[in-house]
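First the structure, then my questions, so here it is.
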């Protein structure tokens, strides 16, 4: 489609959309349906402390997050189906010593920060997925600097196929345990606080580790696709 | 005696029913299929589809309501298609495409008609009369006329017959075209049709024009195909007269015509197979080479023209009597011209076969018994049905019983 | 048109969406189209997040000093899931682009149309 | 609702998006895309959506842009 | 009524898919087949439950609209053909050398099936969107499984257009959320404002997005390349199942009656365009792809005139189209290339199955294709839309000629000299073809009660 035609089409589309946006309830007004219906229920009757968004992600709308974790997994598996042609990855240019040193120095701290983000998701902004992205980004950074082979060495060997599915598997476990404990799959038992915490922590870890491995394998698959 | 089967669509059930008309049609199909079976082996696909078509024709005969009739009707058209293009020549494939185009459009019209009728009257069984919008009947009649090869939509017949193997042409002419007329008869069995001027006009036109074209076609099978179009148009003609006697004549004509035309096509097949003759002009002295076959051919031709002792005469006589009784003079004249035209396009064949000198002397090459018997049997049936017409249990009696069941 | 000024944020997201759509439609390089796709996705996420905002609203983190009115937390959860969906689609698209490049040697549409 | 800072950020956001759309060179476009993601992250941080901002930064600016750069590197050679 | 089998319907295939990469290539297809048969069992059990009462499940214990609700209603019975076609496609693919049956390939199919299960039972708009993405990404991956040159480009174009559709759908879900404050379908349905531009934009957006996912003309341009280059076993899943998800999404859209007029015209256009395009194709799989566009057009038209008829038709068409694509796959497998002239001569069983499938696709009475088409024609006539009823029948005639043409190509053309030794398709291909062909007739025969069940 040539640019001018596309521009005409897009501006043509803009008029009704902008009009519709103008007709929406006033932005930020407290009495619009979003704030008066479901959201108010969460804020008032939800957990007293902690990150409400993570509470929603895991507890109230657990199925969405299960879907999300499955989405990145299917993304990985689809890419792996494609990446059957093992072209040798291009040898990484040897990094300048300064960059190499800094990356080698910083890597453990970023890893620590990543795990912190994964586990602290219940109280402060953060969560499994954000941590996974940070850890994944870290592996990719090492891949950029020291080459894909080095990045692959950071990942677990035989356990990789199991751990990459940690996200969905954690959710399946939470589903079964929640089903037994509360009668509804993915239900977090409030009457057993210890199990409640353990399940939340377990799911966050599952998402974090699973996600990190998936991001890393996506990068590695692109490197030698 | 009837049985209600599956409900394949909400409120519409498959429905099989034995009545006089159905029994007569199925019996005709059964006997004609027997005549057609012997002959050179043509492979598993051919035999499987032949058996399937036979079952489907029985289905058409015994259908108890409009939906079942249309189902078997459409399946029969589809099952016959690979049989028609059995020789796999380019010409056959082209004829097959044309056949499919005609038949499928007809089926579409029938389906639309069925929808209109079902909307108005629900499940249209062949037992009870129903009040139906005129559009529905017109659509259904138009759909059936495609296969009954009435004039505007007859195109596929002259093209499909010559290229189909001989037994299939026999079946096509004998029964496939007849299912169209059979459908029309089933229609007026339960619906009182709108003013039938169009149907009379179209069928009359078909009888005459097809007859004229037949006289001028040299290719033997194509001439017989045009003859089928002309002969089978008698049935809608008889229907449009709305007289019980004429209708009985039309019904019995389907049966008689099936055997006569089937026999003729089988003879044509034998002529092609043994003497390599395709065209009437090259049939000089064929009788001397194949006396038995040509004997049967001659007898069948006479029957078709309507010479008294044979079955052809019986059906034409009954139709004529019915028309006279109803005072429908134009259809009567058309009937007679049709018979005259039949003479014009059949007698020359018989004449050249018996009296013209053969191009080259050759030994007598009558076909071996298994392929000759069907032809002789067809001739015998024509004689028996002719003479024994009035006996009870014979097609005429059955036809009259069927016609009595139909009002109007 | 005065209400549009109040809903300026919504309008901005629509503009972003349309810029992305324009890139997807008009750009001749498949990778640029993919970037346009990402811009469209982030635009929709922006729309969903801003729809959950409230005047003077604080972040939906309940703590000792946090005071209502709070932002609606559900849009944030939706967008988190959306971002992940976006990245996995993009990763698959990039893998496909590598295969297209390996098979056709280019990512420009006009070239591709000639060679396929 | 939108104070001055937000308006400025929004316009900058739109300008970056336009820059990405217009950029001919792929690497430049990828870097601009990273900037676009980070700017979006800033907007959300300021508007009181920390979780989403962190995710957009880590996933949008981080992983997506890095993957873009990998593919650009492999297709330009 | 609530039962743990409802979330299990979604969890089993996904769990199977997640565990498959840990297996060796030899066991992956067997594991895939087993998981899918189990899913089929659960789907049948839930359909049995549905006869008494709709099955609904509040995930996490939070009652709707606060938590996410899964609901197994009439549309969710689509889970049965999904599990069945997927289960039959996996063993079918063991013969083709394409990477369909590698552990990753089976994982894509299993997780894709899980995504479809989630999509048909989701009663929450955002969950619907998330599972739509799961099945879409697995669909893009499935297209890319083919070794053919150009499969990558076809998959990319499909991804590009599919993701634009998903973006429009997500925007519409966001709009609905802004207007009603909730995401639960039933709740949103009640709280919808009765007019206004944002509402029409939301409904229009959802409809447009799902129409693109369902490959309705003129948004169908991605389908022919994608379905033709994909491996045949997978084309059966793509054309039989994934294209129908768009229609199910359309059936979930609230306030669809505003768009009935549009749907009728778009459906009729797609019906005729699909049939005409199919007429000019010389490759069997491309013809089947366009025939899908035509049948989907019929369903979209049916949505506006007789919703039950449309639902019945997509359920039947899923099985019919799957058997046709598998038969095509058997021909291609035996012919060794996409030129399949004359291969049917030595494959009588496959050819007859293809013929039965063709008859069902056209909609001749006893087969499954007829029930839906008949109800839609009746609906069109009752609505006084004569032109469209005629168009439906005209489309069927054109499609019939297409299928006839390919029966001729396959069974009536002489096969090239170099390919004398072709024999009947292997058993592992024949059994799926015959199961599906038999079902497409069986479903037709019980058409009446089946339509009554769907219409409940």
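Labels for the chains are A, B, C, D and E, by order of writing; each one numbers its residues from 1.
Note that in this section a contact is a pair of C-beta atoms (placed from the backbone, for glycine too) under 8 Å apart; a residue touches a chain by one contact, two chains touch by 3 or more.
All values derive from a computational prediction rather than experimental measurement.
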Intersection of contact partners for subunit A and subunit E: C
Set of chains whose contacts include both subunit C and subunit A: D, E
Identity of the chain that, by mean CA position, is farthest from subunit E: B
Chain whose Cα centroid lies nearest the overall Cα centroid: E
Chain centre separation in whole Å, for subunit D relative to subunit A (CA means): 18
Centre-of-Cα separation between subunit E and subunit D, whole angstrom: 37
Distance from the mean Cα position of subunit C to that of subunit B, given in whole angstrom: 69
Separation of subunit B from subunit D, taking each centre as the mean of its C-alpha atoms, in whole Å: 78
Multi-chain contact sites of subunit E, meaning residues that touch two or more partners: 126, 130, 133, 137, 140-141, 144, 152, 177-178, 183
Multi-partner residues of subunit D (at least 2 other chains): 1, 50-51, 55, 59, 63, 67, 70-71, 74
Where subunit B touches two or more other chains, by residue: none
Complete list of chain pairs which touch one another: A-C, A-D, A-E, B-E, C-D, C-E
In the complex, subunit A residues that touch subunit E: 16-17, 19-21, 23-25, 32-39, 41-42, 59-64, 67-68, 70-71, 73-75, 77-82, 84, 161-162, 164-165, 168-169, 172, 175, 178-179, 182-188
Residues of subunit A that touch subunit D when the two form their complex: 27-28, 51, 53-54, 90, 117, 125-127, 129-130, 133-134, 136-137, 140-141, 144, 215, 218-219, 222-223, 225
Subunit C contact footprint on subunit E (complex, rising order): 126, 130, 133, 137, 140-141, 144, 149-150, 152-153, 155-156, 159-160, 163-164, 166-167, 170-171, 174, 177-178, 183
Subunit A - residues contacting subunit C, complex: 1-3, 6-7, 9-11, 13-14, 17-18, 21-24, 26-30, 34-35, 38-39, 42-43, 46-53, 55-57, 61, 64-65, 67-69, 71-72, 74-76, 78-79, 82-83, 85, 87, 124-125, 127, 129, 218, 221-222, 225
List of subunit E residues in touch with subunit A within their complex: 4, 7, 11, 14-15, 17-19, 21-22, 57-62, 65-68, 70, 99, 102, 104-105, 107-108, 111-112, 114-115, 118, 124, 126-127, 130-131, 133-134, 137-138, 140-141, 144-145, 152, 175, 177-183, 191, 196-198, 200-201
